[in-house]
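What follows are several structures.
Each of the two complexes below includes chain A, the first together with chain B, the second together with chain C.
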Partner chain A sequence: MSFKNILAPIASIVGVTLIGIVIFLGVYSWPAVKFNGFSFVVKNDWNLGNLYANPVMHRGHLIMPGAQYGILFLIVATLLSTLIAVVLAVPLGVGSAIFLSDGVPAVLRPWLSFFVELLAAVPSVVYGLWGYAAVIPLLSHTVFPWMAKHLAFIPFFAGDTGSGYGLLTSGFVLTLMIVPLITSTMRDALISQPRGLREAALALGATRFETMWSVILPSTRRVLIASSILATGRALGETMAVLMVGGGALNYLPNNIYAPITTMAAFIVSQLDSALEDPTGMAVRSLAEVALVLCVISVIVNGAARLMLYFSGYQRLGGGGWA
Partner chain B sequence: MGVGIEVKDLNAWYGANHTLHDITLNIPANQCTALIGPSGCGKSTFVRCLNRMHETTPGAKVTGSVRIGDVDVYNGSSPVEIRRRIGMVFQRPNPFPTMSIYDNVSAGLRLNGFRNRKALDEIVERSLKQAALWDEVKNDLKKKSGASLSGGQQQRLCIARALAVDPEVMLMDEPASALDPVSTSKIEDLIFELKSQYTIVIVTHNMQQAARVAERTGFFLNGRLVEFDSTHKIFTNPSDKRTEDYITGRFG
Partner chain C sequence: MGVSAIDVRAAINQPSIFRLVQRKIFNSAGWGLCGLTFLLLGSAMVWILKMVFVRGAGALNLKVLTHIQIGVAGGLLNAIEGTLVLGVGGLILSVPPGIAAGIYLSEYDGGWLAPVLRFMSDVLVGVPSIVVGYFGYVTMVATLGWGFSVAAGSIALAMISLPYITRTSEVAFRQVPRTLREAGFGLGCKPGTVIMRICLPMATPAILTGVLLALAISVGETAPLIYTAGWSSFLWTGHLTKEPMGYLTYAIWAMITEPQRSAHQLAYAAAFLVTLFVLVISVIARVVTFRRSGWGQHA
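Moving on to the complex of A and B:
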């Protein structure tokens, strides 16, 4: 048996499992997909109906009276909290990677790097708890009121700052969870750039910053994109932490950046119990449809990012500017 | 135009490793000076001290004085200023892989804040012509990356990049050691062309190369400058026994 013959079945188990899960989700949620139709993704009305009444037939499906399912608010919340997290985490992650690779003495580097890896290994429920106990009081009493007052000129920054549970808090907690991911991959990529490259720039009279910014960093852009994809995936699917700090919004869209939200993953967890009360099973199947939509979104985001990677590698020479 | 280099009592260290001992020599302007010597004797360290690249290695230290023209390299100037006036070509070609050929050549100028597009175009063309690379790349200046060229072309690109800022001195650390004979002879021709306008310091392991391109040659051994004289004298009638042993191939 060759190496390849051993590895091929192992590799295919991964692929088959993934396809199996998606097919299962599709088949299992199929009645919900048919019942909910397109309005599932464009309406804000998740309603289990009257669970104490008798099931009724509606459009060919047996459901509880008044039940309907629309999850636009979940999709919006998931995308927005992920967007906030990625927008904050990329510069933070790259910045700390630059610091770790170039700004600290070589003796300190392993210690700081170990610390970053440790951050990546902390279970998300711990972040959630910390957010709940430490961050939210600070945000709701100090930071958010300040932002609403002084940054009101930015759209969606003004208005009621609420309880501290919400979109921006979720974004912050997600940021914290994905920064270590970006930092550790980018640090490795920056360190592994050939020494000659750095010397070429320095010998031309580039400062350390110019060398990093215009020469070293651009040559790691593919790693940056790849690690941002991973980080996005992690943020999209993160459950526990956003469940704890999101504020649990139901059926409305956030009206500003502080408003309560629920993300798709958090919603599945928080609603499973009550959905199981539904004797027709439509509620659970609709939750499965939420999971299906989350999968589809992940695939789309991944595909888009991969396209970016493709174009950054083949179409553009990249970097190009000291300016 | 090139300027001369005066080195006095130069000592260099890597951490506790005392690599260069009391080097004193005068490198004349607008000539090519070759540095030869066995591996590990400190040739690279020496040229890297001339443009303050040595100190970019963690733990490295330098004492003594270097004057390039009327600039005191280690006194009153910043390393960045010094490096902008001195071109350097390394043993391994190191073009910027994310930049186009054009951007590679113009990198030093853009770094200096030079923005005039038309002048940039002219300088890029002139530098590539000087480096004997123009004809091979003129059609993909902005299309191809610096890393897509062959090794010999990459090295000539690096030379063009160094020439574009019109340096007073060119330091070349074994510029042809990674190249085939054809590329090597192109680079030697190039050095021949350039030395009327630039002061060139070239490190080489190839004694024929030193004999072909250099007016003066210095022989290093164990971190010391053993002999520094006209190339002709070094290769035909060296004053020091160790130089003679080295060039006749008895060691090194």
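Moving on to the complex of A and C:
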């Protein structure tokens, strides 16, 4: 038996892990998938039913009376908080990448880059703690009331600013968590552009920023798109930070940008205890369906981004090893 | 009246002052905005570090490090122990297959399996950690009946760190010069000997860096552990299954939402320990990487 044939099965564990996650979640949640049908993703009603009654048969499934599961509010909140994070993170990431690649002396560059990339090393729950203990008091007392007063002309910016827990706070925290990914990938891509491009533009009399903005940056377009998609994937699945600053809304669509939310990932953490109260197990299986939906979304998003990066010929992904 | 060649030349040689000023402003404003974004990120980093280290240092004392938790007071010894046990357990499970996958991706890149595995590994990085945690819950904790346990928590962490170790091992093996392999084959070595006796020792420092980073990620994770390792205020008695385990990240989350001041102190102390550990590992890994590839080059 050759070394290659001994190695291949051990190496395949990484692939088996991914397939195993999808298959086992799929098998476990299959009764829930059949029971909930398509209304799972379009209805806005997560209701465990009457937990003190006896289970009843409903369309061939044993459930608690009145139980139904619809997670539209989770999907909306997940997408909106991710959207806010990506919209804020892309300009921040590109701006800081430009600054780090061309705006600082080469001696300082690794250190300043490392400092920003440390943002990716801070654990999710520490972001949650920071948001909970430091950011929310500031936002709820000062920033949000100011925004509601002075930015009220923007849709969804007016209205009750609530307690500080909510969509915009989650968006801010998520922004910081995904920015390093964009910064490090973009900075590497900007640096690795051919020197000749830069020299040609400068020789034509372009200023240094014009060179960067009109010549170098456009040639990294695909890396920017791919790294933004990767960042999107990370924001979609972020759990602890959103759990701690999201505010924990149930069956409730946000009516303005300050409204409390729960994302799919945070919902799984916060609801398992109550789902276990359901003796028929349908609630736990429906939570598994939430996990399955989240898993499939992130596989698609990440797969698309990776393929894009492979085909743009850009191999060293995500900079300092944190991506 | 037509435009003569002289007019055109004059226009090229002497662009309008207005246009010059406009370009100057664009240049300065561009750099200014880019510098501002960097400053914004940097100050957020400083803010987080300041909060964690100032409040954490105030909450840290010998009792926190040497006593187990009692209700909302006491110490964090049980959580510190749990974090180390789960982190090391995850590494023991993920390092061998991770390095094997790294070797395969680097050395046998020709066939169909390597690209597929690389793609799946990259996608696995993006699978949310809570999905891995819930997977662990439905399979190991519920179906296999292990209960909240060290085994389930370690396996969940191993699944998280596996793709990172795969990636860094692949890069480490690719950095070994081709001529070394050729020399080995030229002396009549078999592929297994070349890889294990020539390439592996060369790649070990880089692989260790990757393992350290994976440990940092494991120590910082919460979501995959909540429903696999559970939570316990007691020290570990050595059982792999049916015995829940405490860990620092859970203490941060659970204690900060309690009303008591003693609970908050524990949360900040735990945050201090976790963040310090993760940052120290990141700095070590970065310095090691610089040493190897030259300062400044590895920007």
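The definition used in the following text is that the second predicted complex is superposed on the first by the 285 of 323 C-alpha atoms of A that agree within 3 Å, B and C clash if a C-alpha of one lies under 4 Å from a C-alpha of the other, contacts with A are read in each partner's own complex, and residues count from 1 in each chain.
In this section, a contact is a pair of C-beta atoms (placed from the backbone, for glycine too) under 8 Å apart; a residue touches a chain by one contact, two chains touch by 3 or more.
This is a predicted model, so every value here is computed, not measured.
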Which of chain B and chain C A:V215 touches, first, second, both or neither: first
Chain B versus chain C as contact partner of A:M57, first or second or both or neither: neither
First, second, both or neither for A:G95, with chain B first and chain C second: second
Contacts of A:A8 with chain B and chain C, given as first, second, both or neither: second
Superposition-derived comparison: chain B or chain C, residues of chain A touched: C
Partner chain(s) touched by A:L25 [first = chain B, second = chain C, both, neither]: second
Partner chain(s) touched by A:G196 [first = chain B, second = chain C, both, neither]: first
Chain B versus chain C as contact partner of A:L204, first or second or both or neither: first
Partner chain(s) touched by A:L272 [first = chain B, second = chain C, both, neither]: second
On chain A, the residue positions that both chain B and chain C contact, one per complex: 106, 207, 210, 317, 320-323
Contact set on chain A toward chain B in their complex: 105-106, 194, 196-197, 199-207, 210, 214-215, 218-219, 221, 317-323
In the complex with chain C, residue positions of chain A that touch it: 2-4, 6-8, 10-15, 17-21, 24-25, 28, 91-92, 94-96, 98-101, 103, 106-107, 109-110, 112-116, 118-119, 121-130, 132-134, 176, 179, 183, 187-188, 191, 207-210, 212-213, 230, 233-234, 236-240, 243-244, 265, 268-269, 272, 284, 287-288, 291, 294-295, 298-299, 301-303, 305-307, 310, 317, 320-323
Parts of chain C lying in touch with chain A, wherever the complex brings them together: 23-24, 26-28, 30-31, 33-38, 40-42, 44-45, 47-48, 51-52, 55, 96-98, 100-101, 103-105, 108, 113, 116-117, 119-135, 137-139, 142-143, 159, 162-164, 166-168, 190-192, 195, 209-210, 213, 216, 219-223, 226-227, 249, 252-253, 256-257, 267-268, 271, 274-275, 278-279, 282, 285-286, 290, 295-296, 298-299
Interfacial residue positions of chain B with respect to chain A in the complex: 51, 53, 56, 58, 80-81, 83-84, 86-88, 90, 92, 94-100, 103, 107-108, 110-112, 115, 144-145, 158, 161-162, 165
